[in-house]
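Data block below; observations after.
All chains are identified by letter, namely A, B, C and D, in their written order; residue positions are counted from 1 within each chain.
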Amino acid sequence: MKKMINDPDRVVQDMTDGLAAAYPDKVRKIPDTTVIVRNDAPVGGKVGLVSGGGSGHEPAHAGYVGRGMLDAAVAGEVFTSPTPDQVLEAIKAVDAGEGVFLVIKNYTGDVLNFEMAAELAEAEGISVEHVVVNDDVAVEDSTATTGRRGIAGTVFVHKIAGAKAEQGASLADVKAVAERVVANVRSMGMALTPCVMPASGKAGFELEEGEMEVGIGIHGEPGIERKPVARADAIAEELTGKVLSDLDFSGSDVAVMVNGMGATPEMELFLINKKVQSILHDKGIHVYRTFVGDYMTSMEMAGCSVTLLKLDEEMKELLDATSDAPAFRI
Amino acid sequence: MKKMINDPDRVVQDMTDGLAAAYPDKVRKIPDTTVIVRNDAPVGGKVGLVSGGGSGHEPAHAGYVGRGMLDAAVAGEVFTSPTPDQVLEAIKAVDAGEGVFLVIKNYTGDVLNFEMAAELAEAEGISVEHVVVNDDVAVEDSTATTGRRGIAGTVFVHKIAGAKAEQGASLADVKAVAERVVANVRSMGMALTPCVMPASGKAGFELEEGEMEVGIGIHGEPGIERKPVARADAIAEELTGKVLSDLDFSGSDVAVMVNGMGATPEMELFLINKKVQSILHDKGIHVYRTFVGDYMTSMEMAGCSVTLLKLDEEMKELLDATSDAPAFRI
Amino acid sequence: MELNVDDIVQWMINANDNIQENKDDLTTLDQPIGDGDHGINMARGFQEVVAKVSNEHYDTVGAVLKDVAVTLMSKVGGASGPLFGTAFLQMSMTMKALTTVDRDAFVRGLTAALDGVKQRGKADAGEKTMIDVWQPVVTLCKETSDVRADELVQTAQAAMEKTKDMLATKGRAAYFKEKSIGHIDPGAASSYYIFSALAEVLQEKNE
Amino acid sequence: MELNVDDIVQWMINANDNIQENKDDLTTLDQPIGDGDHGINMARGFQEVVAKVSNEHYDTVGAVLKDVAVTLMSKVGGASGPLFGTAFLQMSMTMKALTTVDRDAFVRGLTAALDGVKQRGKADAGEKTMIDVWQPVVTLCKETSDVRADELVQTAQAAMEKTKDMLATKGRAAYFKEKSIGHIDPGAASSYYIFSALAEVLQEKNE
């Protein structure tokens, strides 16, 4: 293992401290928690937006705290859901009486902990609603599983629901637009190399030299297939193809996210993007806006994911609205 | 080697295509070149700002093309200076009659090629001035060497000179403020792992398991010392200490950049930042603004650099000015 | 059967001992069909539970169990934190005013706990989770007028082992689909340790 | 000595052959004291030079050399691109109107090339660069009324080998300070291949 850390047990504390220290004009850390909140929270007349999950996906989620996006992000231990008491702290810190909206990635742990926190908050008289993001098309949905995983598409939910909340929309309206994003966003990822857990110093899984895994999750959960590392164009084709075959994007306007898993140089993401754009162009799908970068990572995993979001007019406007979140300035 | 690329010889072409395709509303690629320019270039009444260098440092430099920052970026082959004809294309594309200013990182190849391009442009009647950035304190300056290397501090030169040019300042005034930034910016970096050249598929250098190199350059050029991987706090101390001992920052306002070398998770950069901030705080140095992220990378090298810029009032104003460059939105 | 505040505290101490002792085994169970943290999660949580309940004075059984629940909820993490937290919270609510619990009160508490877990986890028996241990234990207690320690252990252990042949359809293990068959569910195993800890308390009292 | 347009084209063809053949060696030389791309850079550049000059019709030696210069400048990259580009550009300027060059014209051209490299590189002899090959070659040509092929090769080769013991004070190698001693300079080596390619032309003409 090669990591720049101190005590592995304090990595999430240190990270949230370092983030709060980087942007003191924008955010603060709630003492004795791993919750990052907007400095001006609770913002009067506004629904509070809270997200979070296990750490290791930076800049998700604390990098998305800012005007026009999240009001708070709750950081759990690496790849481990934050506990209900932490989420409750975040909810209480951002509630201005208009209610609080939770954006949850679809992992059993996250759903259980956030739902429990929501119940505790309701018990304290705070209205809480939530949405569960399940954009990853790699692992098929079925009644037999807890459903699809939430990955990079979650960032679009943050952005669009965040912009809606910033406009002063009601809790029900924020929820409605968030659900529309979830219904219209699809992603798929792949990895070239695993990431290393700070606590154990070991790789979360193994990949042979020359081998990649398609459809892998952001915690290294199994994907669809292991095979020889393909050319960038072939990787882009496979990911985009899978996304396109899952939802009818034809004739629509889309937002594209080519997301790096952490260690992949931006150079390679632009190569993937080149091919993604040409595929969409050939299919007559109009790209409204593109995002290329590290948005939902898996520490030092190398690889990428491709996300497409089918936009309606309101989503476009909300996607373009101002955000001063450090990791998503618009 | 595990990389998502197509033909290794076309990696820079593909990358610049993919970047132009990502931000078509902001930038375009000059056909048959690897030059990315602002869509609205040449901007009337404005000095044109051009930078560039070898590829492999993404988002430098094409990610910094945008309103309030660079007018054009020239991408050479990986770790190889762009050629004078390419730089000349960029100069011609951004000249609106007010002259063109070049920001050059201090590498012999870059200096030679950009100077040669400047002469060719002057021969065509375009006024050209330049600054050479040499912020890396790791390798000592002396008359015997070509001087210190230019690394992440270059991004502050882009930002501040870019904002000045955007205000409509003269070529001489843009040059003056750029030189002031160069005089007041210092950096130092380190690496945990090497990066891999796309052409050869091989690591540029070797580092043993458990070993790091302090003072390393952004192409893997030798640093000061190899030693066991230290704790994040010790790394932050060493880098910051070296920077602080090179220039008197006491009592001043500074901009901080904690820059990732490419593969390092943002989590670790925030750990480094936590310590950097506490060191500066203890020394009574006031942090005006902090930037944490991948700004000047070395492909998939793991590691980081710390940059401090001593600010005067004008620099602060220019640092805070609007920029819509994809990799530096303010 | 009659359990007082001290018995419940002892139950938690025993449970913690079992879990600390089997921490690595629990984690090993979570590797092939999970993310390999269940032992770490449970060990962290129960250590905190013991630190909490052995330093407080309680008037009612409900009060002990509420502290257990809140501690598990905030310290275990993962999926199991809110699930075990919910179990003990629901149990505590049925025992709010009780200084001792008899067999009927205990059955009511266990049933509430099981229902809470099912609701929280949107799961039922047969999905290869902790429920597959809790459910047979609840049934045993319901159907037996006075549960013996050895019966309790046997039932919990057999139930845990049965999860080996099940196909996971809830939790992380569900992502492994058919590959989940052939492995004992980690949450079922830790539930077994919790009930065998209770059996030790019953045994002591009978001696 | 008299070189016409075809001889210059042949010089470039020979130079390219030498460089392609020794591409990996040049790169290897650039590894310990540079960034390991010199062979790749030069091979790319000279391939383009040959593609260019063997498909064009030229009236003057100066015209060939100008195309050589512009091609090297735009195709080699790195530090060596503008340096070799400058060398051939300066040489071409002294031969603009010449259909053949005699020994005096060639010496003038070489001298202009060397001066151009020194100016562009802000460097002088003894700094462990290509200059350390060009300078002795210029001196040899100046001091010998009719340079023989073998003399030219020997001088260039000896000069290249001498760079091994030098301390680099210019270019990337300068960052390696004392550690640069003990390695032949890659630009000196490629300059040697260029001059040995010229020697082959002289040899052919003498046969």
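FYI, a residue touches a chain if its C-beta (ideal position, glycine included) is under 8 Å from a C-beta of that chain, and two chains touch if they have at least 3 such contacts.
Since we're looking at a predicted model, the values are computed, not measured.
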| item | value |
| --- | --- |
| Touch-network distance, subunit A to subunit D, counted in steps | 2 |
| Third chains touching both subunit D and subunit B | none |
| Centroid-based (C-alpha) most distant chain relative to subunit B | C |
| Centre-of-Cα separation between subunit C and subunit A, whole angstrom | 33 |
| Centre distance in Å when subunit B and subunit C are each reduced to the mean of their C-alpha atoms | 56 |
| Centre-of-Cα separation between subunit D and subunit C, whole angstrom | 81 |
| Mean-CA-position distance for subunit B and subunit A (Å) | 28 |
| Residues of subunit B touching at least two other chains | none |
| Of all residues in subunit C, the ones touching two or more other chains | none |
| Graph class of chain-chain contacts, one of line, ring, star, complete, other | line |
| Every chain pair meeting the contact rule | A-B, A-C, B-D |
| Touching residues (chain side subunit A, partner subunit B) in the complex | 2-6, 11, 14-19, 21-23, 55-56, 58-59, 63, 192-193, 195, 209-210, 212, 229, 231-233, 235, 258, 262-275, 277-278, 290-292, 294, 297, 299-300, 302-304, 326, 329-330 |
| Touching residues on subunit A, where the partner in the complex is subunit C | 76-77, 79-86, 107-109, 112-113, 115-116, 139, 144-146, 199, 217, 219, 221-222 |
| Complex contact set, residues of subunit C against subunit A | 35, 37, 40-41, 70, 73-79, 81-83, 85-86, 120-121, 169-172, 174-177 |
